[in-house]
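In the two complexes that follow, chain A is the common piece, with chain B as its partner first and chain C second.
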Partner chain A sequence: MSIAAEQALSRDEQDILQELMNIAFGRASADLAEVIDTYVVLNVPEVRTLKVVDLPEFISTEISDHDIISIVEQSYLGRFKGVALLIFPSGAGRELLNLFGDNVEDYGEDVSMAALEKESILEVSNILIGACVGKVVELLDDEVSFSPPRIIIEDHPRNAIPCEIFEPNSLATVMRTVFQFSDRNISGYLFLINSSESFQWLKKALNLFMEQYE
Partner chain B sequence: MIHTILIVDDSTISRKIVKKCLPKDREFELFEAGDGLAGLEKFKEVKPDLVFLDLTMPVMDGVQALQEILKVDQDAVVVVQTADVQKKTISNVMDSGAFTLLRKPLSPEAVAEVLRLVEGTGQKKG
Partner chain C sequence: MIFEQIFNMINVGLVVLDKDLNVRHWNRWMELHSNIKAEDIIGSPIFSCFPNLDNPKFLRNCKSVFKFGNFSFFSQKLHRYLFPFKPDSTFGSEFNHMQQSCTMGPLRDESNVVSHIYLSVQDVTEIAAYERKLVERNMQDGLTGIYNRRFLDTKLQEEFSRHKRYNRPFSLIMCDIDLFKNVNDTYGHQCGDVVIKHIAALMGSVIRDTDFLARYGGEEFCCLLPEADFEIACSLAERLRQAIEQTEVTFDGQTLNITVSFGVAYMYDEVEHAEALLQMADDALYAAKKSGRNRVVAAP
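On to the complex of A and B.
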């Protein structure tokens, strides 16, 4: 067994992290609903530990209903360290643009529809990733910073899903939640993928979180 | 007085937090269920004085469970505890007949206040 495997989260620790993800995504959804007139239907999040080398296949399977996707990738840096992937199926950018109440005509001839759709996805990702990661870390009494997001619009999953997030032989903890906008035909997938570098701190922080209830 | 409490939540951690937030100087008979349907069945079986009910659950979600519980007993006292704090969710839950809604994660203070309110209103028989 590798060092990383020995440090992987226990079942109880994964359960705590799943509940924190549940709380954090709930807050993030409420933040988003304040900005755009929508209602986010939440689902039960899932937490699992995977080999990094298996991540692309895992994510591809999760989103296998969609041939074309848009994806926002953003790293969060701190003791809680990893990569957030927010994935939308094809056409979501236009739907989100409508939710923001924006029309391409409002921006003049210099701004394309594609650019506006991209901006809409980035804005939603900024809220959902920022609020969700921020809340998880706040509950664990810590802080993170974010790298600039990277966005890929309307591409095949095999091209869009990053293959080399972390060291391929290490493990990663994957927090995954699926959500829908109730009045629009939009579903989305949020993955928070923590590197094994943060396992040791994360284990301590999760146990400290529960200790306040002992 | 509240003697029996049913905690319905798919998260074992969340159920544990609820139990830990109950006043230490009182004794309760506690029952648990891991989804809305199991919670409904357990409610019919034990007729608890108070229900803590999560919303986002598999099999049967919390809003449906709330409505079904109130069909069984329109005086049931159901406190929804949820991570989903969107305004529409809160209004939907309260319109469906919840006693109140608490944000996750619960705190001992919030739970003590709810017990005080429930017992103060005398809403539940016994």
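On to the complex of A and C.
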């Protein structure tokens, strides 16, 4: 679905969204510490509106720290609607497995280390995305449900993200943040890509949110 | 009233837990599969009947759903099941427990606070059985039942990396049925199939349990020999050659004597990639063919 640029979020609305996300991520960070026993630093998010076809290149430029990456995708469905992408550098699975201290022995003999590392990535993604999106929609007075997360790209060069993973011909609001697990050498990127379908509602919700402060 | 009926009639297990993880609701599906009546479990901690759930991962995910109102997914692939129930259908005979796909999600009170969580339990034993069959078929050669080329290519890379990492011995045998075109031309392709099946079965019975025998192409086979040094590989190839030489294949009342030529290659440090090892065995096989067939030639 294509959409006229004027229907996208205005500069002011993007600023409000950024501020709201900042509050939401602060809360998410505090609660995450309780759930996974480690502090996750969520940097100040950036918000911008892009054409979906430009996303792969945008993402590839934004994550230039890592050459080989894995991407987890999870969609959220409410009035706030879109896709979350979590981008980890190659090898993060092993670090995350150590973080949880899960044992291979707990899962029966036919489960490989590689499967367990993948599962750790999926579980962390589910919790991180759940925390960040959950806190954002709480502030916007919405509720969302989530699809199961899945690894869409595994150990792939970052400059070759296939564009088929996105629906073309539409605009998206991209919310990007860098996260880092303190005391652990794990960091990555979170992109929330809201489809244009939720723009109208989002504009209203953002204005309602601002009214509390006016 | 209608919602209560749905809760009990639906073909999915449904459980509601409170903040202390005590069971608040337990539907009929759960009753039937667990043999635990709702009135016997409601009010008790879920761990009292299912101590297997008292693990960090389950607790972590409960916390997350209460905190963030998100959903947690326990896929069959890794977890197999959350609740150890007996398999329900005939597909279950190959599994000790019902295979389950479980989801955990938030339930909110009037002030929108997550006060309870639900667990849904779906029986996916049938899907898991089909998937297992598909995976098997994906590795198998349709005619002979031994491994196929796709499996071989993957396994070769794995074993090659394993050798590089741990420096363990690793050998490979390539072999090809001698004058197979004559068999097809004289007795027809059905006979050719019988010969290929016979040779595959015979070789399968001679190799070690730890070896991987695959059909490489039409009448060509490849055998990966992990932990086999040069002598072991050559003597195994020779045993295979002799076993085939001594066997008779019967088709349509006729008896055929079949022979096979072998090329053996052994992995050493200078071999830089898996394909090179394969090429060495293939060259040795070619030499075996050139020098009169029905023999074993080792790569230099």
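By our rule, the second predicted complex is superposed on the first by the 192 of 214 C-alpha atoms of A that agree within 3 Å, B and C clash if a C-alpha of one lies under 4 Å from a C-alpha of the other, contacts with A are read in each partner's own complex, and residues count from 1 in each chain.
Here is the rule we use: contacts are C-beta pairs under 8 Å (C-beta built on N, C-alpha and C of every residue); 3 or more make two chains touch, one makes a residue touch a chain.
Please read these numbers as outputs of a predicted model, since none were measured by experiment.
*Asks:* Just from the overlay, do chain B and chain C fit on chain A, or is there a clash?
*Replies:* fit
*Asks:* Examine A:53 and indicate which partner it touches, taking first as chain B and second as chain C; both and neither are also allowed.
*Replies:* neither
*Asks:* May I ask you to decide whether A:22 touches chain B, chain C, both, or neither, giving the answer as first, second, both or neither?
*Replies:* The answer is first: A:22 touches chain B but not chain C.
*Asks:* After the superposition on A, what does A:213 contact: first (chain B), second (chain C), both or neither?
*Replies:* Touch status of A:213: first partner only.
*Asks:* Is it chain B or chain C that touches the larger share of residues in chain A?
*Replies:* Of chain B and chain C, the partner in contact with more residues of chain A is C.
*Asks:* If we overlay the two complexes on their shared chain A, which of chain B and chain C does A:178 touch? Say first, second, both or neither.
*Replies:* neither
*Asks:* Once superposed, minimum distance in angstrom between C-alpha atoms of chain B and those of chain C?
*Replies:* 13
*Asks:* Mind pulling up the chain A residues that touch chain B in the complex?
*Replies:* Within the complex, chain A contacts chain B at residues 12, 15-16, 18-19, 22-27, 29-30, 33, 39-40, 42-44, 139, 210, 213-214.
*Asks:* Please name which positions on chain B make contact with chain A in the complex.
*Replies:* 10-14, 16-17, 20-21, 56-58, 82-89, 104-105
*Asks:* Can you check the complex and tell me which residues of chain C touch chain A?
*Replies:* Its residues touching chain A are 55-57, 60-61, 63-64, 67-73, 75, 77-80, 105, 108.
*Asks:* Which residues, counting only chain A, touch chain C once they are in their complex?
*Replies:* Per the stated touch rule, the residues are 28, 31, 34-36, 100-102, 106-108, 111, 115-116, 119, 123, 126-127, 129-131, 133-135, 138, 143, 145-146, 148-149.
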